[in-house]
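Chains: A, B, C and D, in written order; residue numbering restarts at 1 for each.
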């Protein structure tokens, strides 16, 4: 993928903490919102009931680095880049910017899962879905 | 019910906002935690899969009045009193105190529902559950 | 005010709960977002540091009724109507709709406060702010 | 530090999502609660106003791996181990367990900061605070 997907998001009051900044855990909620908007931009949804089997994408690892705090009412640009698509998983990075300032950078590895007997089970990414994903240097996973 | 059920809860950092106080919407989360602890104190659970039919308790109305702000690390006492048990619903009040200070008072009306075709449907409170509930002046509802 | 202020908001995944619906406490966060967008539509901000004195608007009472659940990815319309502007406070209603379906209706009473020695203190609504507010039948408060 | 600090925490209803599990971003809120309980166990607080200068501990990096989902009402044990204490920062790990099952493992690097002109600025960990911290192989940072 050459162009990152950009999601604009204003920091809401309830997302701040008593120090006056966007609470660090809320960056993960914003990353997820950005991912879900990216799925929609592909004509898909993070919960895909039409594929065989129906799949969703639980996270197996997430991380975030924080450079500068974001504050109430800040209008953030979140840029998502898919770094890797494997046979059953995917890793993406989201960079948080306010104007030209790079505030934070997060990363998530998500796994394509069917739900079998109420438990997640990793499955191959269904083909009808894979064809819509960006091509990256895939080497397993 | 003569004695209120008391639930102790410390205000967490992530629950504060940039004004330095417990965010107003989080009182509702605390009320719900208190309710769920109250169900457990009766040997029950808000999601009851053993009754016939299995039931849960969606809210139809909630409200809260705020008298004094709560702050990070405050140790709050939440006192729940069931005000009314109807045939299909129940109303309770939760008072928030810090020591002797009355900080807030909330109220919720919750309805006994089965889930039918993915939709909530109000049902009579199952008997095995009703016998554990406090007696109030019930007049319908 | 004749026309309600409308705020569009998609239900996010993290705002749902295990029953599969928008968690009841999150309606209050959405109401607040709608209010803050309304302040911005007036060229104002809920935290007003330019007035004399600087003021913010803590809530003294909030309430919500729930008619139909909202679900992940639903695109909601929130309509805010100011019901009452008093000398120091204001009450508004927010109706939540999905298309033509009326899902919920909330209400908040907020008080114009200066922060004095770290404590909220109700003050008269500063004039430069009052002139931008809608006119309602004001009778004190 | 030989013994980890253990914090017990029940998964609350509002912390679940529509898939029926503890939402991944909430692990970070639980990690933070555990850290704050650990500060208290040392007779300290994450917001320390008595030191010279007053300090707090913003995060510069957080991460979490997820092995098994946690669910509503699960009673979790969070074990915190300080991995590294530097001159201005600290890194700890928190392991999430339900009974013997290891559900997740998170990590945070937090930096000792004074607030100067409304901005965080990293400072040496004040001595009255450092003497209470566990000794680790400190090598800068």
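A few points about this structure:
The rule is short, and it goes like this: a contact is a pair of C-beta atoms (placed from the backbone, for glycine too) under 8 Å apart; a residue touches a chain by one contact, two chains touch by 3 or more.
Keep in mind it's a predicted model, so treat the numbers as computed, not measured.
By count of C-beta pairs in contact, B-C exceeds the other of the chain pairs B-C and A-B.
On residue numbers, the B-D interface is repeated by A-C, which shares over half of its contact pairs, out of the options C-D, A-C or A-D. For the pair chain B and chain C, the distance between C-alpha centroids works out to 24 Å.
Averaged Cα coordinates give chain A a centre that lies 34 Å from the centre of chain B. Listed for chain C are residues 13-14, 18-21, 25, 29, 32, 47, 72, each touching two or more other chains.
If you sketch which chains touch which, every chain touches every other chain without exception.
Those residues of chain C that touch chain A in the shared complex are 12-14, 29, 32-33, 36, 45-47, 72-73. Within the complex formed with chain C, the chain D residues making contact are 13-14, 16-21, 23, 25, 71-72.
On chain A, the positions that touch chain D within their shared complex are 18-21, 24-26, 28-29, 32, 47, 56, 58-66, 69, 118, 120.
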